[in-house]
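Which chain is which? They are A, B, C, D, E and F, in the order written, and residues in each are numbered from 1.
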Amino acid sequence: MKAAMYPGSFDPVTNGHVDIITRASKVFDKLVVVVMKNSAKNPLFSQEERVRLIEEATSHLDNVQVDMYDDLLIRYAKEKNVNIVVKGLRAVSDFESEFQMAQINRKLYPNIETLFLNTSTEYSYLSSSIVKEIYRYDGDIKPLVPDNVYKIMKDRK
Amino acid sequence: MKAAMYPGSFDPVTNGHVDIITRASKVFDKLVVVVMKNSAKNPLFSQEERVRLIEEATSHLDNVQVDMYDDLLIRYAKEKNVNIVVKGLRAVSDFESEFQMAQINRKLYPNIETLFLNTSTEYSYLSSSIVKEIYRYDGDIKPLVPDNVYKIMKDRK
Amino acid sequence: MKAAMYPGSFDPVTNGHVDIITRASKVFDKLVVVVMKNSAKNPLFSQEERVRLIEEATSHLDNVQVDMYDDLLIRYAKEKNVNIVVKGLRAVSDFESEFQMAQINRKLYPNIETLFLNTSTEYSYLSSSIVKEIYRYDGDIKPLVPDNVYKIMKDRK
Amino acid sequence: MKAAMYPGSFDPVTNGHVDIITRASKVFDKLVVVVMKNSAKNPLFSQEERVRLIEEATSHLDNVQVDMYDDLLIRYAKEKNVNIVVKGLRAVSDFESEFQMAQINRKLYPNIETLFLNTSTEYSYLSSSIVKEIYRYDGDIKPLVPDNVYKIMKDRK
Amino acid sequence: MKAAMYPGSFDPVTNGHVDIITRASKVFDKLVVVVMKNSAKNPLFSQEERVRLIEEATSHLDNVQVDMYDDLLIRYAKEKNVNIVVKGLRAVSDFESEFQMAQINRKLYPNIETLFLNTSTEYSYLSSSIVKEIYRYDGDIKPLVPDNVYKIMKDRK
Amino acid sequence: MKAAMYPGSFDPVTNGHVDIITRASKVFDKLVVVVMKNSAKNPLFSQEERVRLIEEATSHLDNVQVDMYDDLLIRYAKEKNVNIVVKGLRAVSDFESEFQMAQINRKLYPNIETLFLNTSTEYSYLSSSIVKEIYRYDGDIKPLVPDNVYKIMKDRK
């Protein structure tokens, strides 16, 4: 069985992330979404909340699990024996930073392999940071995030 | 009448900005330079000062106005009924971040349209941040900014 | 009145071109689509046919005209007194070649000004060459080109 | 069982290709290398020769097969029911052309999914064209291609 | 003594090339401009003419020589014992192809080292191809090439 | 005699930096590594420690010196009469920021000239920041930095 993981901070999960999760879940037998600690000081959602929001938004996908982790990704790979990493690429700037990360991971742990999917064109502009910036100015984030994320963000205002 | 806006933080306005303002003022019937709040904690100039410095530096351009705003750009577009945004592009890195911004703005407000001008080659290296860095080290910023900006920055030292 | 031109070879015009034409026609008082000779040896359509196909596909846009030209673009600008050029940008590779062209045009004729629109995300992969390649292999080009282009291409097979 | 295909013209197969094949063969249950007709007029090797050279160079990889095809890739996907495409990315220029191809393929056949691996750093400069250019000038291609390709190319001189 | 070479096809030499030659001649004790055969079928100038045109345009630079060569650059490096290559970079697209070439050269001949200079901003749009395209349409190439090149091209019309 | 400088913050020096130093030391008669103050608040090593670590790691290179400086690079160039700057380029993102810096330096001090070397492919993913991030998580940095840096970092844990 081929299992893959999709790591990120997902603060919050966007429609772009759900698109990658949905497509990657068809490519691999099992997909684990791994919620990493957000390096930013004040995350919008706690790591536990982010796990739950992704679980809800992907509950219709049988082979998707959600986990959380706070250490180097290659340690997670070794512990769980999941050596395939999936990442979404939106643009050239993503490309370079993600490729550096993929190369350093292989240098430190040769068994790990990173595969990239291109973000669907309708989400090519979308990121968690952009969602948060629009949210801060009371802009309409409904078309950008899953319904459950939209509701909880609206309630918190 | 076709009015356009040119948003930015302009802290401070550079010769590169004035080049874009001058060229865009010939393309559109009216151009409004919109000074946005600088997200950095300690701006060099207050928003009011930045407005005045641009007004002085563009006083010879009859169809240019300067305004300030602190909210989402699409709200300014709706309030003032100015649906054309002008931005300068210097390099590939500008290209991607500006295109993301243009796409998200159209997603949130389909009437808005962003047009890009390429920065003149002689200013392709120039940014407000670079001006401030050279200024911090007492480097010569005279060739980089309009005269009025140069004088006020020199006096403040 | 601010008139702009949108030059290209349009062999054939795609939905991506029509998207740029539609959006640019709202920004300028008048838009002239200028069909340039295709430098490729065996164009799919003659220059006259390409003009007609664009006229049909944009007949609902009152301020859009279609013209053809075989010389340097800056000569057309001088002859017709249309000094604004509109171009669509899809990706970084477009960005560099188009910026070079815009810079050389301004070097040769300082009055000319090029403005760029980003191609809508749903057409970011689309080009006349890709349409022709799919067509050559009997792939379905219906979602990629205007209806009139689709019909004439289908009939010719 | 998850099968993937790795399409290309492979004229000739390089060490960079073999690196991608080796790594992709660990990610998927089965990998089919699909040798496409080379669009260039005078290929170095016939399509049949290219198939055989890849078969020899990957004979130690049990789950790798080699096939050939001359039509749209999405037709191969439908015929063989292999909906996962693997591609190697070396640099930004690859990134854009490959992403366009992946997007157009999904537009024409939504079931198809393209995954990208970054070429190992030691092969980031390598392509079939560069091998042929060095070969044409009698340069040493031994470090660039598999042994069997090296021998046959040397013999042909 | 540190000698470097600056290879290219220079068909014709432009003001951008002369800028790189001038600046590189200050960095190295001796600079050899190496005119390579143009791979295009119909060059504007013969290899001998191109050598002479560069010699004339750089006659004021004492430590610059002009040579011609038709084989792999690394063979020239070995024969002449000149292991430093200088190249100009204008844009991201140059960057990738030039870096590939530099890497393959070092792979084939580890003693060779390529150093890059950024083209001066006022020439960032300039290339021999653009000069030839403007020339073909009787555009004004005077500001783009050295005087001697301008005269000979004008006379040939 | 042609002297060049290689400026950076080197916090800490990596195998990628040593690769550039080694190769540049063959190109120029003398190479001065200039350790600039790290703009980050909490550097891993003091400026003096960074100087010493580079001196140790490059002690086998006779024509390499290490210096430190806290002001604009062009002032160092004037004071020491070293007008050649060497920089390593890893990727497109480096390219643009380094070219901006080179252009602004020439604008402020026309005598200064920046030359770029491409980082060897095996270090193309490597940076001081990545070393520090892996170190923070107790990852293995042994293959990424010189031995003396590895030892001192391990002892400090």
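Basically, a contact is a pair of C-beta atoms (placed from the backbone, for glycine too) under 8 Å apart; a residue touches a chain by one contact, two chains touch by 3 or more.
Predicted, not measured: the structure shown is a model, and the values here were computed from it.
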Tell me the fewest steps from chain A to chain E, where a step is a jump to a chain it touches. 2
With centres defined by CA atoms only, which chain is the most remote from chain D? B
So chain C and chain D are the same sequence; what rotation in degrees superposes their CA atoms, nearest 5? 120
Where centres are the averaged C-alpha coordinates, which chain has the largest centre distance to chain F? C
Duplicate of the D-E contact set - from A-C, B-F or E-F, the pair where over half of the pairs recur: B-F
Where chain C and chain E are represented by their mean Cα positions, the distance between them in whole Å: 34
Roughly how far is chain D from chain F, going centre to centre by Cα mean, in whole Å? 38
Any idea how many Å lie between the Cα centroids of chain B and chain D? 47
Give me the residues of chain F that touch two or more other chains. 92-93, 96, 99, 103, 121, 124-125
Go through the chains and record each pair that touches. A-B, A-C, A-D, A-F, B-C, B-E, B-F, C-D, C-E, D-E, D-F, E-F
Once bound in the complex, which stretches of chain A touch chain D? 2, 23, 26-29, 84, 89, 92, 95-96, 99, 102-103, 106, 113-118, 120-121
Residue numbers of chain F touching chain A in their complex, please. 91-93, 124-127, 130, 134, 137, 139-140, 143-144
For chain D, which residues are in contact with chain F within the complex? 92, 121-122, 124-125
For the chain E and chain D complex, residues of the former touching the latter: 71-72, 74-75, 92-93, 96-97, 99-101, 103-104, 107-108
